[in-house]
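Heads up, there are several structures right after this.
You will see two complexes here that share chain A, one where it goes with chain B and one where it goes with chain C.
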Partner chain A sequence: MAGKHLSRWTLVWFGSAMAMLLAGCALGLLGAADPQGWSQGSNLAVVHLFVLGWLCQVMLGALIQFVPVLAARPLAFPGLALPALVATSTGTLALALGFLALDGHQALQPLFLLAPVLIGLGFALVAVMVTATLWHRDSLHLAEVRMVLLALAALVGLWLSGGRMVLALAGLGPAPDLSAMLPLHLLLGIAGWLGLAACGVTYKLFAMFLLAPEQGGRLRGAIFWTAAGLVALLLAALLWLLAGGSAGRATALALALLPLLALLALLYLTEIAQLWKARRRPALEPNMLWSRAALAFLALAAALAIPGWLWGGTWAETAVFVALVGWLSTLTLAQLLKIVGFLTWIQVFAPRIGHQPVPMVQKLGSTRAASACLALWCAGTLAGALSLLGASPAGYRLAMALLSLGALGVGRELIAVRQLAHLPPAERPGQLPHLMLPLLHPRPRAETRS
Partner chain B sequence: MTQPAPLELDVRPIIRDGEDPFGAIMAAVDVLSPGQALHLLAPFRPAPLFTVMASRGFGSQDRQRDDGTWEVLFTPAPAPGPDAEMTPGSADDAGLWPDAVHELDLTGLTPPEPMVRILEAVTGLAPGEVLFALLDREPMFLFPELAQRGHEWAGNFARSGQAYRLLVRAGARDD
Partner chain C sequence: MTDQIRQALRAVFDPETGRDLIAMGMIYDIRRQAGHAEVTMTTTTRGCPLTEVLRLGVQAALLAVPGVTSAEVTLIWDPPWTPDRIEPLAF
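Right, the complex of A and B next:
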């Protein structure tokens, strides 16, 4: 018998990630993500709540739910999902609090040192589940599957570089050149881990929601091999640096890869455009309409990477901001609304099919609410990017407000979807699913044939 | 892969006792492992059985021994080749299932519509009846629901990779 419908803890992963997103936005609104002082502990805390707590956690949870679909086989070691979630969420909180030690709160230093251990444990557990599910000859010939595995390789590099920087900031061990480590950390995290995982997953997800043919042709193969070369070079540069190699060379290599990265984004966008043209579904739902905005932000981030490469400074900061907030977050928020609706529908209504009428899955969500909050989020991203380039603190504060409103709106809509609030009362079952926790009791009709 | 040795069933004692051997033969077919043949010994040529076994995916070879006993070897149709890899969780004996009584073309439908159509159709089947569906992709959320309801399924991609073929055999009525 194949696995269960839902990985039991998927919604708790999403809930934990949403909580971190809202916390990050709220702190940003309160001025704790000041572009003038990225090296302050409090700023680093907020940045990591956002990137690690929100983006990484939502991606890990999505992979656990999604790799069985990607590989058409049940999830391996499903029991590791909860320990992994506990490790990454507590690790993220420990890291965020630990960064405050840099601002003089020395009592938090032990948390700072504990954080990489917890985060590493969480990453490792998810990597085991994902790799064991995908590593099969039927799956490995798919470029999108290999892309997700490549993302996990980059995740190892992300953790290594992050852990090494924590040790250096805590004053332990020989201090590597942090200005050389940081570009590698950023590139491995954004392009390597989050970016490649997002690309791998979207190939399948977009084909599904657009009703487009799923054949990855030569272009997808070329994208994979380019990405593989990129990740290999980044990891080599990191190991070189960790082994005491020259910081200048490692930085030069990382920066030299930026144009290649922009090319990679262009190739990916070209393939997605082809997929879009080949779609058989004319009317699209908000998740796909707003994914277009996310893809536009990817193009913008790739374009900004070139001046970022040439001049650094605010250009590079803006490129990073647009990639994280514009591309990856918009994409995730848009798809999250759809995926949570779909999973809720499966959980509540799949057992009823054939016995009583079931509502259409689209009726669980509100197109208007979804579009309104995603529009706020995108407006916030644009305002943020412009204020970073124009060095405008007021504009930046406005951006934080828009992003907070957008995130709150998505959170509210996700709760409404879980509570089936958009369905007419007559179509709502007597017992609502729990907001996040899995069904802990068996279904009444659970007879199975041996 | 080596084939398991044929299962031998001698129905002569049953017939001698004046009983109908059909139940015993079907029971033997049900316990065959994948790829295993059935070697039947009977006092006469069991012609009606050839059709029954053919519908369950068996070819047959028969000969009369010198002592008058008929020997029939029912051999299962070859398993699908490596390019027709079955989705993990597929029933092993789908090659032996009867012909589908329902055929559904569900290509071009967005998830979860194919799942709704299949479950609605399966609910109307009598136990043991089979449904065939053609889909754009493997319905990963349908499989656990079918298993939960006591239905069996087997599916794989067509050679082109552009369509997914699914057989569902209804279990006990799930209403």
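Right, the complex of A and C next:
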């Protein structure tokens, strides 16, 4: 059946993630993500709408869609995708509301405690689907497959660290030193989970879009083993801390890993540069052109990690901002435009191939619209990074405005793609696909005449 | 006799690159015996979601060739596709 490798709920995952991104941007614009008061509940709420609601959800949805491509095998337990989505999205909202309990809204405390349970359930369901799909003799030798599995190991650590901090903030259990837990939480979340998952997926995705030969040689193996060592150390430090070990040592270890992380980023970028050089497709679409900006932000985040390691404070904050907003979000926004076009194409035009002329996938999107909103997003990232370094509230406000405009633009373009608005009317189907609801598998027309 | 089939396959496009399947080097083998046509093909990536779509496209194109009454399209990934299979002037 055409489209049997498509997960039905992918667009709902993406829609939920986009909604959280827009909500996060709007609240940021209203001043609820103030760099001067990170430990306020309202700030933590906006930060987690962004990292969990946007980045984690979009990554989980993308993995559900993409692991069958990585493993060349249909998705295992596809029925878990919807419950997982319900759990992560409600869990994220509960966490965001729950953080407000820290600002004195005591009535929200139960939501704060419920949140890690829901989030953990969502993570676990996706982890089961992804692991069961990838865990196979034929795919485990691929470094990119192992990298995604490693990302899931880091996700467990992320959840443990986040959940433990929630308990501590809610006044339950012996309070661990939060300032020691936080660096581990950040490294596991950004580098371990989101970062490694992005690396694993992009190896394959970039090779496909660039028509570049599959490389995966020694360099990729070395990157994987270095990353595996890093994740193992982070998890060990976390367990040590959870078991009551000394906070000083855990923090020292986390900080000592920063230069290694920067090196890892450099190695990954070197490999991607080789892939880029070997490509057979000269003219690139916005998804790949703007992925270059994302990769440049990765290089910038890695560079900022060094002063962040030496001096901490604003430098570290800026490195985190550039990694989350510049690298991971730009990459995701750019690829999202392409992937939604691709899924829409399969949904609408797959049944017509060989019978009627069909448009190219790229005709479903607008290069100009995509580039304009991604440019706004990147400008917002740069403005945000500079205003954090220069402690400029006005600059930060401007950055939030640019990011909001960029995100709104991407949202609008995604809707246009779903509605096939960029196609000449004659090429549009009589009935438009639903904006988000389940991707129904297209049914092939008459298969044979024999 | 396979020329007609090759020509028909030149009209099946990879919707991602806009190139036809022969130019992309995705057609491995073409055989025809009287009204029966057989094609062995691949896709650029084994797990590619377009795999089945392209197979059906080739099937439909074969059946549209005058004289062809039955068609069989087989997908294989061994040998795997590499960009070296793309025709030199395709891009």
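Some observations on this one:
The rule is short, and it goes like this: the second predicted complex is superposed on the first by the 434 of 450 C-alpha atoms of A that agree within 3 Å, B and C clash if a C-alpha of one lies under 4 Å from a C-alpha of the other, contacts with A are read in each partner's own complex, and residues count from 1 in each chain.
As a convention for this text, a contact is a pair of C-beta atoms (placed from the backbone, for glycine too) under 8 Å apart; a residue touches a chain by one contact, two chains touch by 3 or more.
Worth saying up front: this structure is predicted, and the values here are computed from it rather than measured.
Residue contacts after overlaying the shared chain place A:18 against neither chain B nor chain C. By the touch criterion defined above, A:282 reaches chain C but does not reach chain B. In the superposed model, A:85 makes contact with neither chain B nor chain C.
Once the two complexes are overlaid on the shared chain, A:346 sits against chain B and chain C alike.
Applying the stated contact rule after C-alpha superposition, one finds that A:208 touches each of chain B and chain C.
In the superposed pair of complexes, A:361 makes contact with chain B and with chain C alike.
When the two complexes are superposed on chain A, the residues of chain A that touch both chain B and chain C are 1-5, 68-69, 72-73, 208, 211, 213-214, 280-281, 342, 345-346, 350, 353-355, 358, 361, 445, 447-449. Considering their complex, residues 12-13, 15-18, 44-54, 56-61, 63-64, 69-71, 77, 80, 82-84, 86, 91 of chain C touch chain A.
Across the complex, chain B meets chain A through its residues 85, 87-89, 108, 110-112, 115-116, 119-120, 122-124, 136-138, 140-141, 143-145, 147-152, 161-162, 171-172, 174-175.
Listed in rising order, the residues of chain A touching chain C in the complex are 1-6, 68-73, 204, 208, 211-214, 278-283, 342, 345-346, 349-350, 353-355, 358-362, 444-445, 447-450.
Of all residues in chain A, only 1-5, 68-69, 72-74, 138, 208-209, 211, 213-215, 280-281, 342, 345-346, 350-351, 353-355, 358, 361, 443, 445-449 touch chain B in the complex they form.
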